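What follows is a set of structures for review.
Next, two complexes with chain A in common: one pairs it with chain B, the other with chain C.
Here is the complex of A and B:
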């Protein structure tokens, strides 16, 4: 039978999950996510988390260092998959938590939660390696299409994966976007997932080739127009784990320590308390040789990730 | 250790083949327009076919990741390859086509630069130096490749010999053994002829002592020359852990050591290896930012590069260094 707690326990150990089980999980998740609005309301206290990128063992550390799903509320800002070796387990674990504790976890879509990007950056290959066919990848991609585009904490903190869009000035306008689709190459939905803050005077072309660069003025206008104090976003590697910009009106939170197993950065999560105060928790990558319990460790090291 | 280091050649070749397969190389504005590299893709594809006849195992290793190569790796391969090619062609064209000149490609393994360079510079002699395991494979693969065999005018090797021609030599030796290296190089090079030395990811595998002795010997032995080098650096700022993680990853995954990664961990310290020569050094991120917009646009159209941060972290930890001595 479908036993959520057992699946969670298997996932935490990085164990194989049967294709049928993944199918059921994805179906249940879609039904749950379908009813969420594009921008979900979340109450304090809450812990906001940035990119995970398939680093399952670091995701487990994240929960350990920040109270755990049994006791705390979480918002994940997207980019659950690609790059790391455990994209599937990381994503499914978050889905299981969502099913098990629906009001304690909010999942926002990142620019990697798309068919096109996962084909290049590892998730598709991981599924082919683990299952020998692409079914599980397709089930997951269908869930991606239902993920929220943002969240708002106590009418005060706007959460999004990438950043702002010149096409949507208010949070209400974001609510009217039709989100249940593959991420388009342009337009509001694309920008929310792809844009970056930068030292620019106005909306500028992004070097990524999707989304925009936006500056302090665009941030201040968005904050005052929508009556919020802070934009919390992820999307960019920050070596120190987080970075506040524009008079603390925007913060980048990054939660994948030692990104791609080689960048040497630390990770952070941001806790917003009832009085709206911010506190950051910094954490480091799991040491591969530090064999705690019976978790399996990233043994399959990449062969080609340096220039030799 | 020798085998572990020798095997890194297949990684470099594999990266180059991926970059060619995806269209990063050859670069029209650099390698074609400025270096005049004709038939770049064909040369490599022919060689890979030749390699298949020599060893299916090596061929498989080199072509395995062709389909799924990451953009960040292709960008890095593009940067190192194009930077060295541009520098070599700049030096050679300054010396002029009428002058005798020699290139020593130290530890270059499967590098095929000698083909376009020998074609374009009629008074150039090209010497490939590497471990015997590497040169044996290369010798056989070149012989198996009709186009390259004929173009290089290779003489049929007898017994254990390697292919050679009047203008191309393959030398088997261990660069850590300076006596052996100097004796073997003396037989095929002329100390009075302007000399270009290439070390592309080679010095990083040597000990400080062996690499410094090699540099010192060569820049004193050859009357005039240029040294072109590409290597990783560990990073020198307080919170920079790239180098120590790289050492640990390479040790764990393939028992590969980079003894000087944290010794010559900054651009300044790396450049100082070539003191007192006139030396300039840049990291690959600086070079990336000098690429003209049209070429960036072309690169972007090949594969979608999702982020620049990771590229920056990696490329600030690789350097391109050029030194010059004597009257060239």
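Here is the complex of A and C:
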């Protein structure tokens, strides 16, 4: 029998999960996620979390400091994988929570949840190191294609990984995107995952090579057109954990403390209460301890099995 | 240490023109202009026969007059300021400056100072001082000077280690000191001294010494020097070094177990076939140990520079290994393991053979994995060698005989790596083989069994992969095989790009390669005729990769596609018996994606003929039905959407007349008011139709007389078909903007048509049946910019007059208007 609680406990310790188990997890997640909408409706109170980037131990701190999945509702704004050493465990843990508490956690796709990006920024290599072949990476990428593109809290907070798109005037329009695909290089779906707010007057080219830069005016127009108060997004490192912009019409939330184990930043999560008030919880990186700290690479066998 | 004592000889330098200054009362006093030489001579002091070094300046007007004579001695620091100035304070406290006419002159005297420091006065130093780029402040760089080095005493203790650590940390900051220190470490047995003391400290339990040793070794790694790293991983040092690194000041109370970890990989190689060459063995070990350092021992410690250096060294060693493998008989021996008739009694017991063969596949996989980072040219060379050996013997064994999934996966991965690098590599090697055989050149060993399996006609790899995809139970293997097939069947795969395999929409401007369009093929040509033709062409021009591709793809459609697509193929219009129900979900999903892939990426005529003749789209449509999994149903919808975007008249005629869209409407009805993926997927379907219909809606004429032109396109035909058939359902779906758009467009068109006299009703659904130009029309995805030309009518430049005339008539019919202006324009055309 498929024992979700046991898998969760293994994942929380950063232990190895069998390939077949990952496959089953991914299949179950697909079935669950495909019944969700592109923009999921979520009720308050809810905790909104930014990039995780494979920092499993900091993810555990996040849950600890913000009430825990047993008691609170969560929205994750994407970028679960890459950079950190525990991309797989972090992502699978979130999937397990999703399966275990479907109504209590919403997972939004980030720009790192794609085949192309994960091949370059660590997740693929992590899987090759941990399993010796790329199957698990393929299973996970298939799940990435099913993740939501955004969420909306009490009809008043729009959550997305990157930002706005000139091709998306109303939130309702996002519904007509067939999201089950590798993130395209242009268009609405791409922009939602890639764009950044900046001090610009109009839609501008993004230095990232995908998505757009958008300014205060685009934000105000979007807010009033859609009758929402706030855009909550992640996607950019903020040393203080969060940063409000454009008369508090947009906030960047960053939840990977000491990003890449060297940036020295703190992390934050944003809680939206029933009265729509915002409160931020700041937390720091787990101190490395022997075999527990977030910076210790799990050493499965190195690849050169046959050469020594 | 460089002071050689009695063998000093430094010649006089050539005189260089210079102004000499002395600092007096905080002002530089010019003592005159003259020529400066550096020379060795005996001092004036009595009873001192030793040579001393001096800088001497003689007046240029009166050469016998000495303007300056200063001995290089003690711990004088000479500063070279900018290009032409040497400044120092002599032992008596005088500040002296020499200002050279040319920087070359300054160079000569600086070199003299360096020589003197090395051979005579080890404690003097020369420092270059340059102002920084922004003009504020200055940079000091030591050119020569005394170097403090760690103690080389075999007897070390906490004090000497602490001192060593301090020295090493200081020296790393200046290039000169750093290089001298590196020389010291490389030329002496310093590492061995550290290692000896390490074992001593472990024995005596001296935690502080151990932590210091750890820090010293880490500091040496920060020197980022290849030779030091290579010394560290040498056979007699690696355990000591790794042991030292188990002690880390960050975790002073605990200790890692790197040595145990390293030991667990066994005392030596796992050798499937014994490697005779000792140099190769040494390189392989070094390579592994560096990886171990990089990935395990130092993973938290390395900065980008260190990391890159180690990666570079590893890459270098890997290139060596790969080069070695190609010339060594090692690979031949490995391949022999898979010869069915060869006996190995002499080498190992018969019952070990299956394990050996498994090991061989793993080993090959590792070699190919390792080669991934190499230079593309080296990779090609290596893979060609493998394919020539031939690698297929091994893969064939893996797929036919081997039952262990994990091993089979490695075999697929090996193929994928090779074909992703260069899809044509395998064919080209097989081709060259055929060529050799044909021209009677002596065959290579072990190749005789390959006779009669020539070049691009050889579909065996595709057949093996197809069979795995359809029958294998392992989902991971299936995914990999699907990717391999996808790469092998991608017309652009030879560039090693685009290996993603998913539901992404067909991209404009690429897609179906038109590689046979020049040959003026008749559409109705049978596959046999086609193959004949291609064979002829191929025979005519030999090795052209394009022609190889033509042959390859036509062979695919005649030999492989009927097997690959078997579960979807309908004979005489009958559904495949039980095939759809019996198949497992993931195989069908892959197959439907392949249908979409061949339709959008392959040569249109080839793929369309196959797809339509075998009723593949009927089966795809059926898979949208409610008895299948939602993933499969949506994959099938996406397949039809992608084909819709091709804007291909033949496909439209087929899909509309056979009502293949019906199940999509069924799916819509099931998810009518749901907000889920199915609903979104169908919204996208209507978005494609609506935006393409609105694209061709044109308002014509002056404002007073303006009217709307409703052109007929595949999309408007589909729109009409859908609304006429399923209008009542669509009415319920008006909340979807795009359905509403379509309905309003339709109403507008109906009203407009009623207001005008129809000149001639359009006959049939096929209008501009121009079979050769559909590739030029690129259907736009809705998020693209609106392109008014994208869906314009067919290119009018098609030669035949009759075609032009027919098209004129068609256009006339499509416009459905009585405007004489339009009429005239059409007649002119």
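By definition in this document, the second predicted complex is superposed on the first by the 289 of 308 C-alpha atoms of A that agree within 3 Å, B and C clash if a C-alpha of one lies under 4 Å from a C-alpha of the other, contacts with A are read in each partner's own complex, and residues count from 1 in each chain.
One rule holds in what follows: a contact is a pair of C-beta atoms (placed from the backbone, for glycine too) under 8 Å apart; a residue touches a chain by one contact, two chains touch by 3 or more.
All values derive from a computational prediction rather than experimental measurement.
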item: When both partners are placed on the shared chain, which of chain B and chain C touches more of chain A; value: C
item: Which superposed partner A:109 touches (first chain B, second chain C, both, neither); value: neither
item: First, second, both or neither for A:263, with chain B first and chain C second; value: first
item: Which of chain B and chain C A:121 touches, first, second, both or neither; value: first
item: Partner chain(s) touched by A:12 [first = chain B, second = chain C, both, neither]; value: neither
item: Touching partner for A:134 - first (chain B), second (chain C), both, neither; value: second
item: First (chain B), second (chain C), both or neither touched by A:57; value: neither
item: First (chain B), second (chain C), both or neither touched by A:167; value: second
item: First, second, both or neither for A:37, with chain B first and chain C second; value: second
item: Chain B and chain C footprints on chain A, overlapping residues; value: 116, 261, 288, 301-308
item: Chain A residues touching chain C - in the complex, by the definition given at the top; value: 19, 23, 30-31, 33-38, 115-116, 129, 133-135, 138-139, 145-146, 167, 172-173, 175-182, 184, 186-188, 261, 288-290, 295-297, 299, 301-308
item: Chain A residues within the chain B interface of the complex; value: 111-112, 116-117, 120-121, 125, 207-209, 236-237, 239-240, 258-265, 288, 301-308
item: Chain C residues within the chain A interface of the complex; value: 250-251, 254, 256, 261, 265-266, 268-270, 272, 284-285, 287-289, 291-292, 295-296, 299-300, 359, 362-363, 366, 369-370, 406, 409-410, 413, 475-476, 479-480, 500, 502-505, 630-631, 634, 638, 641, 675-681, 683-684, 686-687, 736-738, 781, 783-784
item: Contacting residues of chain B [partner chain A, same complex]; value: 8, 11-12, 14-15, 65, 68-71, 73, 76-77, 80, 201, 232, 239-242, 244-246, 249-250, 252-254, 256, 300, 303-310, 313-314, 318
